[in-house]
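Below are two complexes that have subunit A in common, paired first with subunit B and then with subunit C.
This part shows the complex of A and B:
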């Protein structure tokens, strides 16, 4: 019997570790990644010409970043690596495989695979606030990417706003790189971080570093303000200032020309949706994610999941899950097992899960931001659909579910396919109807999950 | 008017000439198209569905807020496209 063809989607920490295990077993997996260079979000590598030393790019994660990049290079001859290639469609193929619709440097192509490992990662979770569509407002992740991939700051006077460990991390990275950071605003209360601190101390992990910066006041030049509310960007044609209310209720206004703002992460799960995976609502981070067993199985027999795409765990968890998931896949193929290695990974993942819970507790969901979204605020950046339109449609046209809301208002139908607006729209819809957010469901993924340009860049 | 992005790390690579609304501009090898434009301008294009301009948002190919048009008719996602010599970007904005 010929070897089964395994396709891994995503070459971040999770996908690369999965590829390593499968390559060790001489399976020669296909590794498809939209990025031009392997590494994923956190260990993003600059494009050729923009390289800088690992220590400058990744700070205290330089060692891990280097290890993963070395792994990617070492794997090259043993995997079928397709960089710069987007999987925009996945269709089941009889009797039990999949066709991946891809767009890469050489144009369109269809790739057949018997088994899938989906390691598609996450993106910033965003919420609308006044002025968030002005040129100069980016996500926190974008602020980090500008620095890591381009050696640039998003502005000359940058304000950063967040509700997760990425906030102090980016603030630290910007300050270290010599950028001018004029405000670091955490929209979650300090008390939550103080309370979670003892549990956070248990495991040293990448994302915890940010909390430590907040706690220890390591950002001496620009301390993090916690418990901030009512943020609003001001400006005529571009960002001119950021206004906010501090924890004591005082209003402030800081002049700036760029803002990096986002509120936690959301799983990039549209590929899993197209493959047919069953989703479950994750109540702590308030999002729908494909169901993943501890060993990496999805609800489907031949689809496996790893990393932030199926649950926000950060880079270390992504690596562990990538390895664990690939071992499960090998076991399912009837390959010899290594129970000691599996048990070791399971123990480390269990420790990380406890830690992750503490991290989520340190940054509780910012309900006050959702409550403050005015009717005239744009929710859908792609087509300019407002919160008022969503609320009116909910009450007047009986849109009690996200896909009906989409059909009636086009929210989530634009170019981003609901990646940016989907979360906020669900929260707004649920509040309008006064029901728990999970009852309004989730936007179903549809091919193409990313826009396919008519003409490709040369 | 001044640009949005601010270069912190020097770039040893070759200079790459391109144009924005017919005006010549210079980028460096390794610059993504979005960065090349935003070093000079505060936006990429006018917003198609309302007032104002757009300058990108996620920088990771997810939000699709950074599409730009070239004079040769190509439409590109600027945050995932490296700048190339001779690209002629049309922003349609008044931001000279």
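This part shows the complex of A and C:
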């Protein structure tokens, strides 16, 4: 019997660890990477010739980043690596298996795979606030990309706003890179972090350091302010200042020329959606994700999941899940098992789950930002749809769920296909209808996952 | 379990069904609409959005002509902008034999009062200099146009509600049967008694007809649609081709919607999916018609479930077996333009037993001797 062809989508921590396990089993997996060098978003590598020291790029994640990059280099001869390749469609193939529609350096291509490991990662979750569409406003993830890939800061005087562990991490990375960070604003309360601290301290995970930085105000020159509310970017044609209200209710205004702002992470789950995986609502981070068993199975035979694309766990968890999921896949292929290794990974993942729960408790969902979205605020920036239009459509035109809202208003119908605006639109719709957010459902995924040219590159 | 007793129960919540509900309420009858998901979310809501008379089966032209008049007043009637614009529909010839087809059709259509203008290569390029060299001529229907399919069906449903119709969504019908002088209809969460029954169940119209001992071979049809990001205005008219393998239009917003070929349809779960190879094929054909679109980015593809009849025209008319039952289904991928008039016709059939429009070609009895399955293939004009 020929060896099954396994395709791994995504070459971040989860995809690389899965590739390692499968390569060691001599399966020569296909590793499809939207990026040009393996590492994913968190361990994104600069283009060749623009490298900088890992410590300068990744801060307290430098050791892990270096290890993953070394792994990617070592795996090169044993995997079929496809850099710069976007999987834009997935469809079941008769009698089983899948066709991956890819757009790579050589144009469109179709890859047949018997089994899939989807390790598609996450992106920043955005929420609208006054001025969020002004030039000079980035997500925290984009602020990181500018630093890692281009060795650039997003501005000369940068303000950072967030509701998750990415905030202190980016602040730390920017400070280490020598950028001028004029404000680090956490929209979640300090009390939540203090309460979660004992549980966080018990786990020697790198991200815990970020929370400690936040609590101790240890970022040199720029302590983190927690419990910030009512953020607003000011400026005529681009960012000129960031205004906010501190935890005591005092208004502040900080002059700056760039803002990095995002509010937790959302799974990039479109590939799982197109493959046909069943989704479930995850109530803590308030998002729909493909169902994943502890061993990495999806709801479909032959489709496996690992990393942030199927549940926000961070890079360390992604590595563990990548390995665990690949072991499950090997077991399903009838390969010899290593119960001790599986049990070890399961124990570590269980500890990480506890840590993650504490981390989520440290950064609770910023309901006050959603409640503060004014009617004239643009929610869907591709199509220019305001919060008021969404609210009116909900009450006057019977938009009871997200796909109907999309059909009636064009929300989520533009270039981003709801990846940026879908979350905020669902929160606004649910609040308007006075129902739990899971009741309004989620936007159905449709190919292409990202825009593709009408004519492929020659 | 909700229990309703009404004059007319309608199975299906597409444009024709909801338009019928509106017309029946205007005639003073009580109405219940039973829709398995959301009104206007099936074939009515995910189609190409062409409001086209040109190219239709000649049997459909009287209905299509009558419906076209309704489109002019639709936004006003529904109190909502349905995006209708009479941009004209132009059907392109890519060979001399295509041109002969267009000439013959123009003669036939003239007999139904539809004026089509035949354009040779010079006249065509004078108006549309961006057409590629593959195009040799065209037939223009100036009164045709396009509209936003996503809003029409839901707007009819809301108007029906405002007029007092019971519009039941997420209420798939399990069974319907003749019961004494009327009908009983069992749907998810609601049970309806009615004097009349309208079968506007789209791809499931044949199943409903079967409950009353009538054969109507309906195959699932899933048109494959693709849309680009918004572009600067370029494509001034809704465009089709002889053969029907590609069609496109540019929306008011600037997106170019293009279709051609088939997706996959699953009649069991009611889902239709686009097929990547079909999308890429339609994209390539679009470029042969309009090379200037090469730079455009495609942002989405989709499909929807319609019902297709073997002769590509719908079933519209009274049941052959069951008094009080009226059918309208199987629009075969081109029912969007007809929706408003089919609503009126259904109301006429329910209230008077006859229609002002000629319905003989659409009678269900034409399939009385039909045996065996029907699998549809080939191109269909949308």
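What we mean here is this: the second predicted complex is superposed on the first by the 452 of 458 C-alpha atoms of A that agree within 3 Å, B and C clash if a C-alpha of one lies under 4 Å from a C-alpha of the other, contacts with A are read in each partner's own complex, and residues count from 1 in each chain.
Convention: contacts are C-beta pairs under 8 Å (C-beta built on N, C-alpha and C of every residue); 3 or more make two chains touch, one makes a residue touch a chain.
Note that the structure is predicted; figures quoted are calculated from it, not measured.
By the touch criterion stated above, A:413 is placed in contact with subunit C alone, subunit B being left untouched. Applying the stated contact rule after C-alpha superposition, one finds that A:446 touches subunit C and leaves subunit B untouched. Of the two partner chains placed by superposition, only subunit C is touched by A:110; subunit B is not.
Within the superposed three-chain model, A:397 lies in touch with subunit C and out of touch with subunit B [touch as defined at top]. Within the superposed three-chain model, A:141 lies in touch with subunit B and out of touch with subunit C [touch as defined at top]. In the superposed model, A:268 makes contact with subunit B only, not with subunit C. Of the two partner chains, neither subunit B nor subunit C is touched by A:197. By the touch criterion defined above, A:101 lies against subunit C but remains apart from subunit B after alignment on the C-alpha atoms of chain A. Judged by the touch definition given at the top, the superposed model places A:247 against neither subunit B nor subunit C. Put simply, more of the residues of subunit A are touched by B, taking subunit B and subunit C as the two choices.
Judged by the document's definition of touching, subunit A residues 383, 414-415, 451, 453-455 lie at the interface with subunit B and also at the interface with subunit C.
Residue ranges on subunit A touching subunit C, taken from their complex, read 89, 91, 99, 101, 108, 110, 383, 397-398, 400-401, 403-404, 407-408, 410, 413-415, 417, 446-448, 451-455. Those residues of subunit C that touch subunit A in the shared complex are 38, 41, 45, 80, 150-151, 154, 157-158, 228-230, 253, 273-277, 279-280, 283-284, 286-287, 293-302.
By the touch criterion given at the top, residues 4-9, 11, 13-14, 28-32, 35, 39, 42-44, 47, 49-50, 52-65, 67, 73-77, 80-82, 84, 95 of subunit B touch subunit A in their complex. Of all the residues in subunit A, the ones that touch subunit B in their complex are 34, 36, 41, 46-52, 56, 123-124, 133-139, 141-142, 145-147, 149-156, 177-179, 237-238, 257-258, 268, 378, 381-384, 414-416, 419-420, 450-451, 453-455, 457-458.
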